[in-house]
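In the part that follows, the structures are each spelled out as structure tokens.
In what comes next, subunit A is part of two complexes: it sits with subunit B in the first one and with subunit C in the second one.
The block that comes next holds the complex of A and B.
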């Protein structure tokens, strides 16, 4: 177990390092000169030279990358004209556009994206498992049909389409909800939930269908197993068999998926955040892309990469933890 | 002793099953129409006597902020589906040209992904231990890239004068071939244990002949079913990128971009959002139905998506 753990974490670390190298290389070797982009319109040659020096662009790429890695652990200073901009420990770069360290920008936006992702995940788990159990028991044929339709639709309807239609229906046409604007959880939990309701629903649509399908398939497999038959022969009530035994087996694949999906939702939320005007990491990225603020773009890309790698590793470990049949090698 | 009649070869059996599959046929017809619309967009626009760039200010109600005059977004004999609010550009022309971008980029990206994924996957599956573990690492890496985020970032840094649709397809493909590669590698590993593959290898066939003659035919069905689902996924990515404004450049229309414009006209002209949304939904549903049918017919183990 410990050997596996060590190897899995090492593997994840390798993937992260490779990812950071590729992202860094791509963005700083790209045909667009980051200095010219950062310098903006009306850039004088002197100012361009300053920017190049400030960003360390005159060094060889490898040196730049090593400085970048070093900055992650020790922080670094950026000379900006007469004064120095300090970027503290997990330094992902410095956004000259907004005059802030990228890490600070990200930390500022992360709570919004997390709120969005966690709420959507909980909503889709609840709805997906509920629909999956009901249709897995085959008591309601209509529900079976509806779930089937939803699964197909889940593949066919992009998140932003659902979001658009929800906005149109509830905010413009019926006017039951105000146009979403983010309210901090700590300020007013009720307003927080009210404003996030539509984004949650639009993000949850796809995942719900997938969870319903998995739950149904898992439940049908689990109900066909020997230990269920034995339990039935012992006269254990059907309800108890379902909740205590069959569902437990059916939930296994969901546990691992949840970790991966949380990370996926965080990246899919780029669209949702932009559409609903929520100030999350995704909106930060779109803003940075429009401003051509490269350090922020690199930072967001690396952060989402980190989330996905960690989620994948966590999923593997969780799977081993909940299912005693899994052998770790 | 009676001999059983020879079993029909698998492809024709699959074809017969597909022809009986109502969902597949419906999907295939709509998907075929979408492709046709995409291919004949200039012709269709010419038929309507419109193009997608001309502004028609006279059709807009400037008192109400540029909303089209007349009901349902200004539908008339001239403009079959009305005009765009704010600019008055012909919506029919923009929608059919939008099909060109959506369908074209999705098909091209899927084709590239399959090409890249199968090549790497088969090489990993047939190659020695070192090649396999090296390529597997690369596949892991590709699979852990956040596709949408990375695509947005990449499209932002490439020079803006490069041809956008080609770039979109390339970026989607470069970020999305991991799944195909993993699938092909797994299938190749299982296929190479078969006797006929071993026989070919013992007979001294070079690796490329083994790959082409013995492995690739066995890969066709799983890759086809997988790629069929990749296509709508890629279409969603393209629409999303265009929605965020990093897709095709105006004035080239795309459904995603039109949806994004529609958000600013929500209150004034709610009708505008429905046409691109409907087109996108129809196209996606059609391709998903095709994928579902293919899976049912070609993959007896997994059956269909909905089971």
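The block that comes next holds the complex of A and C.
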């Protein structure tokens, strides 16, 4: 177990390192010069040179990358005019655009993204498993058809359409909810939830479809297994068979999917964030890409990688906890 | 006193009749055997006893100790409590998510309302009763941590936990090794004697029921062919089908004089499979699948290789045809190393004909492949001849494996092996997935081909009866080594090694008297 964790962490570190190198290389190859963008209008060649030096763009790319790694682990110093600015570890550099530390930017945005992800995930798991079980049992033909239809519709409809319809309905026509704006959980939990309700629902519409499909298929497979027949032959009540045996088998693939989805919403729910005005990580990334804000892009990419690697490891551990046949080695 | 009376039982799935008028009586504490080949409806009948059919129409009478098991049954009080069932596949028949002890305790609590502690104790008690060593500790194990035989014991423990009046065992030993099969059958017999439960034993194998059942019902295509006392039915059957079944059971073959020179020489062959590191940094020792085997296959002979699962017999067979290389030692064919010879001279017939044929290629194309490899442009004519030679019509060329029966598929496998005109064919369990009559036909075909084409055969099997019929010499394999090798008659009549004796005592035989004698012998050997 400990050996497994150690190997897992080592592997994750390697993945992240490789990821940072690739992202760094890609952006270095990009044709536009960040120094020109930073320097702005009316830039003189002398100023441009200064900016280049300040941004460290004169060094060879490998040196730049090594400096970046150094900052990540021990912190580094940036020349800022006559002074020196110390950036403590883990240092991802300063945004070219706003001059704020990237770490601070990320920390600022993460709670928003996390709020969005956790709520959407809980909502879609509840709805998805519920709908999947109902249709997987095949007790009610009509219900099975309806759920199936909804699942397909959920897959087909793009998230921005759902979001726009929700906004129109609840905020404009019925006026039950104010237009969403992010309120911190620590400030007012009720307002927090109220403002996030619509984004949660619109994300959940799509995810629910996937979860319901998976649950439905998993449950049908699990119910056809021999040990379910044994349980029936020994008089174990149908409800107990469903909850204690069949559903347990059907849930296994959901574990992995949920973990990865969680990580994905936290960094890539750009459309939802934009539509509902949530200052999350996804928005940060899009802005940074548009501005060729290299440090921010690298920071978000590394964060995405980290979250996905952690989510996958967590899924494996959970998997082993649910299924005794799985051994971690 | 009659415990179970079945009268004119009919089970149909939509328009297909699976059981057509089955009737029998089972006295309390007695044993009834139902025998039939696949598709005879025997398992359908078993499931009907517990009302486990979901999409079938069941009519007729099933009277169990005064309860009508067809209409309006209080299943809660019957299933597991008064009738319990032992299934065929012990791995999949138990829940993978719960420990063995918990599963048994759950059933016991459900039917007796006992406390958790009492149910736990009962689970340990019945596990001890089915001879699971250290039952208190093993009750905490999951099914995947048990061997096949242990799992079947655990399932039997579950079956007796609530002291039922009837145990239905549906092919309880089919997936097991021959010695384990004998142990499980002995255990079922012991359980019946000690608990007083009646036993309904269902099998495709006459030898399985011969030693245990008082009465036998022979089924075919859903109908009862013959019914009566075991001694009568299995010794002097009236019906032609029963006779055919008994005739299909392998019989000792005529001894032959083999004069051919050694064709395939296996010398000190080892095959070790390295194991992955687990947790610790020290490398675990490799699995010694084959660990120092030397033997010769003479021209014109049939060499039988017998062993239970995990003895390395398939690994050895694969090395003999060059599909795998030995870790150490040499295998030569006609003086040249086997790995340098490509295809032609040695061929293989595989165990599972369905999975060893490409499902997306017609069988004719599958047989033609080795011919094309030899540069034959238009092999269709020769493939047709081969198909006819193995007893199939030339018109089967364009059919696909899933359209054929198991026996036909194995004939295709044999035709494919014959295609490059080999001198030696290695058959790995070629008949173990077939019904007994089909098995007899395939064995006869192999025997014909060997005589006609002057082939040499290596016949790998777990089934001693089959080898006794077909092999000239037999090698007994255990833990990757040959423990005994010699002419078939000698090995069977005067076995030298203790393991050979154990194997031979475990072989199911169809003569009830002999079967009981062997059971007594096994009890003295193991006791």
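Throughout what follows, the second predicted complex is superposed on the first by the 298 of 329 C-alpha atoms of A that agree within 3 Å, B and C clash if a C-alpha of one lies under 4 Å from a C-alpha of the other, contacts with A are read in each partner's own complex, and residues count from 1 in each chain.
Here is the rule we use: a contact is a pair of C-beta atoms (placed from the backbone, for glycine too) under 8 Å apart; a residue touches a chain by one contact, two chains touch by 3 or more.
A quick note: this is a predicted structure, and the numbers were derived from the prediction, not measured.
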| item | value |
| --- | --- |
| Partners on subunit A (subunit B, subunit C) - clash or fit | fit |
| Touching partner for A:245 - first (subunit B), second (subunit C), both, neither | second |
| Which partner, subunit B or subunit C, touches more subunit A residues | B |
| Arrangement angle, subunit B at one end, subunit C at the other, subunit A at the vertex (C-alpha, nearest 10°) | 80 |
| Contacts of A:162 with subunit B and subunit C, given as first, second, both or neither | neither |
| Touched partner set for A:300, first subunit B, second subunit C, both or neither | first |
| Touched partner set for A:127, first subunit B, second subunit C, both or neither | neither |
| Which superposed partner A:227 touches (first subunit B, second subunit C, both, neither) | second |
| Partner chain in contact with A:285 - subunit B first, subunit C second, else both or neither | first |
| First (subunit B), second (subunit C), both or neither touched by A:314 | neither |
| Where subunit B and subunit C come nearest after superposition, their Cα distance in Å | 5 |
| Contacts on subunit A seen with subunit B and repeated with subunit C across the two complexes | none |
| Subunit A partner contacts - residues on subunit C that touch it in the complex | 50, 52, 75-81, 84-85, 87, 89, 92-98, 106-107, 110-111, 142, 144, 155, 158, 276, 278-279 |
| Footprint of subunit C on subunit A - complex, ascending | 3, 225-227, 229-237, 244-245, 248-249, 322-325, 329 |
| Residues on subunit A engaged by subunit B in the complex (per definition of touch) | 11, 14-15, 18-19, 22-23, 26-27, 30-32, 148, 151-153, 155-161, 164-165, 167-168, 172-173, 213, 217, 267-268, 270-271, 274-275, 282, 285-286, 289-290, 292, 294, 297-298, 300-301, 304-305, 307-309, 312 |
| Subunit A-facing residues of subunit B, complex | 137, 140-141, 144-150, 152-154, 156-159, 229, 232, 236, 239-240, 243-246, 259, 262-263, 266-267, 270, 273, 277, 280-281, 284-285, 287-289, 291-292, 305-307 |
